[in-house]
Structures are given as structure tokens and as C-alpha cells.
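Two complexes, one shared chain (chain A), two partners (chain B, chain C).
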Partner chain A sequence: MSRTRAWTLRLAGIATFLLLWEILGRILGEALFAPVSAVVAGFPATVRGYKLFAELAGSFRQLVLGYFLGCAVGVIVGTAMGRSRLLDGLLQPWVSMMFVTSVASLVPLFIITFGFGLAFRVAIVFIATVWYVLLVTYHGARDVNPELMQTARSFAASRVQTFTMVLLPALYPYILAGMRIGLAHAIRAMVIAEMYVIVGFGGVIYNSGVEISTVSLLGALATIMVVGVVLTEALKWLGRRTAPWYDERQQLSN
Partner chain B sequence: MWKSRSSFALYPVSIVLGLLAWEAVAAFVPKGLLAPPSAVLGRLATMTADGSLPRALAGSVQHMIVGYLLAVAAAIPIGILIGRNAPVATAVEPVLNAIYAIPPVALVPFFIIWFGMYFEGRVALVFAMCFFEILINVLQGARNVDRGLVDAARSLEASGLALWRLVVIPAALPFIFTGLRVGIGRAVNAMITAELFFVAVNLGQMLKTRSNAFDTASAFAIILFISLFGLACQEGMRLIERRAIPWHRGSET
Partner chain C sequence: MASLEARNLYKTYESRDGAVTALEDVSLKVTDSEFVAILGPSGCGKSTLLRILDGLTPPDRGEVLMDGKPVERPTQERGFVFQSFNLFPWRTARGNIEFGMELKGVPKSERRSAAARLIGLVGLNGFDGKYPHELSGGMQQRVGIARALAIDPAVLLMDEPFGALDAQTREDMQDELLRIWATAKKTVIFVTHSIEEAIYLSDRVIIMTPRPGRILASLDIPFERPRSEAHRTRAEFSALRHEIYSRLKNVR
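Moving on to the complex of A and B:
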């Protein structure tokens, strides 16, 4: 399929989706499902009324903290587990257990431990990110070409040197893929935590949800959707740009 | 999820060491913030023995099963139909990505408007959390059916229906099973999420009440119980998968 044809099809898909949204919205009415035209027209009022962008920026500051903390720990522990049989065996049962644990179920417990503030939201985002990054990095670290490791050893590279000069570059595409998957979960976790205690952007979603009209609610949802898509695409772009072999690896790690 | 076999022997050691480390940390943390594992496991045992956890689970699984089955019933045919049609797959891809980027919990206000605060609302959230996860796997599977296989079947003049029954579906089955397995994990997740974000009932209510009373040991025990249930569901699905498609071994990840 040629590029132009693919893009025509994608645009047609988006146009069809918007058209269906409009028709459905007109039939159901604003109280049940506002049409896209009403959401766009009402968006400036939504932004003003809910301080939408200010809340979004505030929420993202906390998200970034928890997210990068999760990425860092995930990469380090994932690499260690992938390269050491002992650590692998010692940590696996706990990691598998945490991996299936619902982030939402941890919210009430985390409130007791961390309160309602910054630490709580950072902790929830951290815990939602770390296992995905860890898992993808782990699989990458297990598959690192043994010849690379032997070469490093025969040049008497230290552990730190081997990590920064051999492992990290080899794992780079995996780490980016893990960060991409982790990001989706980080955003979800942020919304879960914030809707539960009604603060930040999640609070906006909660509060706009109890209005009679769904215009503001849909505006908020569309905003978080655009942010998620843009950040995900940015990570993909970064991967393709800085590691041309990324696309192939990305599919493997999905 | 994990492939290595050699490290199985370390599992008991890992669990014992982990519990000891947790117990030691809990002893240093101000009282009540982090329950020690001895207290958590004790609560888990009593709450299981007195029937309160199993009873709550029996209530919780109802909306989980209904939502999951609805998601499976919708996602498999839609995924195969889209995946087998390249232009349609290309056209819907950006829209699917966009909808997937919306956190499912953010849809709760909508579900409350449309389906109410109770059972139907919870089913809707379970459906929403499972549907896309299963759809994406099935779609990928249907897309990746080996062209050579399809061409070979065509050259043997396999009719439309036979082509589907004998080639497309078997080739897509591993992906469908991956979708079912990932989906059941999401369903357990959604089960408790729904009970915390709609009117609190069953396990969600227990978790909320115990947390509000600062009873971290019980709260931990309830979370552990749900996680164990989630692991059991996924392992059960893996077992079914091995029985149903024994020729496929690459589906472990």
C-alpha cells in the first residue's frame, strides 16, 4: 500500500469517526453524549471554567516524577534480572505478583501510607510504570548478543563500563518500547489516583462528569487523549530517529 | 510471562527471603503504615476461613464474568473482520489508537450517566477495560496470517468458508488466546476498579472500609487475595491455551 493511499485511508477513518460522533451526539443529546461540534464550541468555556490546562500541567509535573522514577528503577532492576540468574530467581515471584496487582486496589492503601498529596500521586504513577519497563528491559537483557558481552570481558571492561557502554546501547530500543507502554499505564494511574481523591486533572474529569451537559467531560477526555497520543508518537519518533532498528524490535517486545 | 525454567528452584527461597525482608522493614516503619506479612497472612487466613473473602469474591466475579464475556464476544469477530481487510485496518488504526489512549476509568462518569451506579455500570467498565486489549491482539493475529498459507489454500480452491475455518482461524488462534489471557487479567483488574469507582460493594467495599479504619493488615490481605485470584485466572487460561493449541509454544510472553 502506498503512503498516500494509507494516509487517505487514515484521514477517511478519522473523518468517519468524527461524523459518527456528531450524528450520535445529535440523536442522544448533550446530556447523554454531546456532538463533536458542541464539544469544540464549548471547549474555551471548559478550559476557563475548570482551569483545564493549569490542572493538566500540575498533574503532569507529578506524573513526570513518578514516571521517570519508575523508568529508572525498571531499567536497572530489569537489566540486573536479565543478566543474573540468581537475581532473576530471587525477584521473579515478587515481580510477577506485583505485575498482576491492580493499581486501583492499591489506592486506598497508598492513601494511608502517603496521604493525599504529592507523595501519594507520585507513588501510584511509579508503581504503575515500573513493572512494564522492567519486564520489557528484562526480555531485552536476556537476548543481548553473548558475543558483545564476551568482547567487553576480553577488553577487561568493568561492570559499570559494561553496563553503560554495552548493555544500555543494546537495550536502548527495548527501553524505549518499555517507556512507551509504561507511559500509557502512567497516565491511567494518574487519572485513577486523581479521580479517587478528586484533585488535579482527574478531579476535572470527576467534576465535569456530574454536570448536566457532557460538553466539558468530553472536552477533558479529548484533551487527555490528545496528550496521550502525542507523547506516545513522540516516543515512537524518537525511537525511529535515534535507533533505525527500533521498529523491528518494537514489534518483538509488544 | 516469564520463560526461564532454571530459576524455579529459587522461588521458595525468594518468597521466604522476601517475607523476612518485608517483616524487618515493617518493624522499623511507624506503626500502622506498613503491616508486617505475618499480620497480613494471618488476616488473609481468618478472612478466608470465616467466608467473608470468598463471599465477597462470589459477588465481585458476577460483573467481571458478564463484562469479560461481552468483551470477548465483541472483540473476536470485530478484530478478525478488521484484521482480514487491509484498507479497513489502516483506516481504523488511528481512531483505535486514540480511543485506547483514553484511561478507561475516565469513562466512569459516562457509564454512570448511561448505565447507573450499580451492576450495569460495573459491567460497562469491565467491558471497556477488556475489549480493546483483546481486540488489539486478535487484530494483530488476523493481520499476521501467513500470506503463503492463504495463497496455498486458494490454489487448492478452498472456498471462502473453508479458507476461514481451515487456515485463517487456526493461524489466528494463538493471538486470540493471548488476547483472552491478557483480557482475563484486565478483567480481574477492572472488577476491583469498578467496585471502587461506582458504589462500593463486595471486595471493593471491604477494601474501602478496612482502609478507612486504618486496618492496613486487612487491606493488604484483600489486595493479596485479589492478586492471587488474578494470577489463578491467568494460569487457568494458560492451561486451557496449552490444551487447545498444543502446537503453539511461542505464546508464553
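Moving on to the complex of A and C:
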């Protein structure tokens, strides 16, 4: 499919969605489900009333901390598990258990442990990010072409050289993919955590949710969706730019 | 000049059907820019032998000596060329060729000029910035050969390097290899299961037989160099091919 055609379809999809939103909104009314025209018209007031962008920026500062911590730990532990049977055996049950555990269900426990402050929000985002990055890196590390590892050995590469010059570049596309999925989960977890303690952007969503009108709530929701999509697309773009060999290979196999 | 010697090598593998003797009492000696082909059917242990010669796999018994010193692990005195090319997909042709030099800590300017010279030698001018997936199989193996030559090894070990190529490309690459070999002056040990390829390329053909993997014979190839297409159609060429063919057949 050509790029123009793909973009045309994408825009058509968005237009259809907005149209349905408008129609449904007119039928249900502002109190239940505000139409998109009302949400757009009311958006400046929402931004002012809730300090929407300031709260968003504040929330993302905390998110970044937990997110990159999760990425770093995920990459290191995932690689180690993928390359060592011992660590794989020891850690696999924990990873499997944590992976299927909903972050929301951990929130009360984390509040008891970390309180309501920065540590709590960072910890929740960390926990939401780390398993995806870890699992994707782990599978990448297990699937690294053994012939390439052997090639490095035949050139008398040291262990450190094999790690930095073969393993890491081979894992790079996996790490980026894990970071992309991790980011989506990090944003979700951040909002959930903040809704519990009514701070930051999650707090905005909670407070606007109890208003009579849904204009502000839907405006805030649309904002976080757009931000999430833009950020994950940016990571995708970064991957294409910095790992051209991988993207091309995917296109070949498609 | 370098010599590589294998003394009484034994190697057994565990497989599902029990122990397989890959090598049984294999000895050989290769010297002085000699081009030696190791020829045998699949499963005769010739690739295992090559990996032991490189130090990639330890033998169960016996030893490998390079210039009298035991080989215990791979070093950059030996360059390896793989059947499936094994280029690093995230490195360009130039980057792949520079890999071994980077490991040794050769400065960048020196690497660049060495890579440029090798790219010219293997006939890839203009392709140095291409990634492996942008190159044909034959071109990828040219990079593979250049990568092995870049560490300036005394011995080049080649494991069925043209086995994954189509017939036409394969013959082109044989001529290319002979041309490169005439310039680079390396000792070459070339593993193949093609009788014709072994005769066409080498000074000496070592014939191996499977189960257990043993050396059956070592034949000198009397043709002068440089070799060309005309050699393939000579009567002596056919006679040699037939002789090797019947020797291999009688074993089975």
C-alpha cells in the first residue's frame, strides 16, 4: 500500500470517528457524552480551569523518571535472562506472574508502601514499563542469531566486545519496540495512579469526571490520547531513523 | 610463512541416535600460501575439522599447531569465511570489513584506508555504504571474504563459502577468489562438497569420508596457474574428477 493511500485511509478513519462522536453527542447530550464540537469549543476553558497543560507537563516529568528506570532495568535484566539459563530459570516465574498482574490492582499496595508522593508515582510507572521492555528484550536476546555470536568469536572478540558490538546492536530494534509498548503502558499507569490520589493529570480526569458536563472530561481524555499517539509515533520514527537495516528487513518480509 | 598442522584429531558428537564420530585420527599439514581443498560428502566432519583448525571447537583428542604453537581458541592469525556469510546486518559493507580491525583497536583512518583497499580488491567499489540486505548473495560473500582478509590473517579458512550461491555466481566467485588469492598470498583451506570446485581451485585436494570422518587420500592437482575456464574442459580435469568420484563412491 502506498504512503498517500495509507494516510488517506487513516484520515478517513479519524473523520468517521469524529462524525460518529458528534452524532452520538447530539443524541445523548452534554451531561452524558458531549459532542466533539462542544468539547472543542469548551477546550480553552478546560485548559484554563484545570491548568491542563501545566498538570500534563508535571505528570510527564514524573513519568519520564519511572519510564526510563523501567527501560534500563528491563533491558539489563531481559538481556541477562535471555543469555543465561540460570537467570532465566530463577526469574521466569516472577516475570510471568508480574506480567499478567494488572497495575491498577497494585496501586493500593504501592500507596501503603510509598505514600502519595513522587516515589509512589514513579514506582507505578516503573512497574508498568519494566515487564514489557524486559520480555521483548528477553525474547530478542534468546533469538540472537548464534551464527553471528560465533562469527564474533572467530574474530577473537572478547566477551565485552561481543556484548557491545554484536549483542546490543542485534537487540536494539527489540529494545525500541519494547520501549514503545512500555510507553503506552506507562501513560495508562500514570493516569490510573494519579486518579487514586487525585493529583496531576489523572487528578484532572477525576475532577472533571464529577462535573455535570462531560466537556472537560472528554477534552482531557482526547488530550492524553493525542499525546500518547504522538509519543509512540515519535519512538517509531526514531527506530526507523536509527536502525534502517531493521526497518528495511521488515518491509522485505512483509 | 605460516604453517597449520593438525595431529591425530578425534571428535565425537552426542546425537539423538547415539554418539557420532565426526573425526577419527585426522592429521594434515598445510604450508606456505598453499591452497588446499577439503572435499567430502555432507556429514563427513569437514566443517568440524575446519572449526577445530580455527579454535572455535575443541577436539576430544589431538592438537592443532600453528607455526609450532598450539591453537586453543580463535585468534586473528586465522580468518574465517562462513557458508551463510554471517554479515552483521546493522553494519554497512565497510563496517563489516572493519569489524576485526575495530576489535584490535586499529585507528579509524587506518581502518578506512584498509577497508577501501579491500573493497577495491573484492570488486565492490561504490557499494561500501550498503547494508547486507541491499547486496546480492555473491556480493555479500565478497564482503565476507574482505572482512576475513581485513585482519591480515596468515591462513584463510573457508567453510563452503559458495555453497549458498547459484551455479553461475558460484563459478564467477571461484575466479574472483583465485584472483584475490593471487594478490593477497594467503594460505587457504577451503571446505567443499563439490569435486569440480575442489579441483579447479586448489593445489591439493584432501578427500574425507563419513562415519567415521577420516582422511581417505590427498591428491596433488597438477594444473598451472593462473587457472581459467579452459581448465574445466581439459581431459585431465575430467579424469581427475572421475578418479575422485569413484574413490568416494567405493567407500560407501
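Some notes on this structure:
Keep in mind that, in the parts below, the second predicted complex is superposed on the first by the 234 of 254 C-alpha atoms of A that agree within 3 Å, B and C clash if a C-alpha of one lies under 4 Å from a C-alpha of the other, contacts with A are read in each partner's own complex, and residues count from 1 in each chain.
The rule we apply is simple: a contact is a pair of C-beta atoms (placed from the backbone, for glycine too) under 8 Å apart; a residue touches a chain by one contact, two chains touch by 3 or more.
Keep in mind that what you see is a predicted model, and the values were worked out from it rather than measured.
In the superposition on chain A, A:A243 makes contact with chain C only, not with chain B.
When both complexes are overlaid on chain A, the residue A:R85 reaches chain B alone and has no touch with chain C. In the overlay built on the shared chain, the residue A:P44 is in contact with neither chain B nor chain C.
Of the two partner chains placed by the overlay, only chain C lies in contact with A:L148; chain B stays clear of it. Note on chain A: of its two partners chain C and chain B, the one contacting more of its residues is B.
Once chain A of one complex is fitted onto chain A of the other, the partner contacts of A:A156 are limited to chain C, with no touch recorded for chain B.
Contacts of A:M165 after superposition: chain C is touched, whereas chain B is not reached. In the superposed model, A:G115 makes contact with neither chain B nor chain C. Note: no residue of chain A belongs to the chain B contact set and to the chain C contact set alike, using the contact criterion stated above. Note for the complex: chain A touches chain B at residues 1, 6, 9-10, 12-14, 16-17, 31-33, 85-86, 88-94, 96-97, 99-109, 111-113, 135, 139, 142, 184, 187-188, 190-192, 195-196, 202, 205-206, 208-210, 214, 217, 220-221, 224-225, 228-229, 232. In the complex of the two chains, the chain C residues touching chain A come out as 54, 56, 73-76, 80, 82, 84, 86, 88-91, 99-100, 102-103, 131-134, 151.
The touching residues of chain A, counted against chain C in their complex, run 145, 147-148, 150-151, 153-158, 161, 165-166, 169-170, 172, 243-246, 248-249, 252.
The touching residues of chain B, counted against chain A in their complex, run 1-4, 6-11, 13-15, 17-18, 32-34, 86-87, 90-95, 97-110, 112-114, 185, 188-189, 192-193, 196-197, 207-208, 211-212, 214, 216, 219-220, 222-223, 226-227, 230-231, 234, 253.
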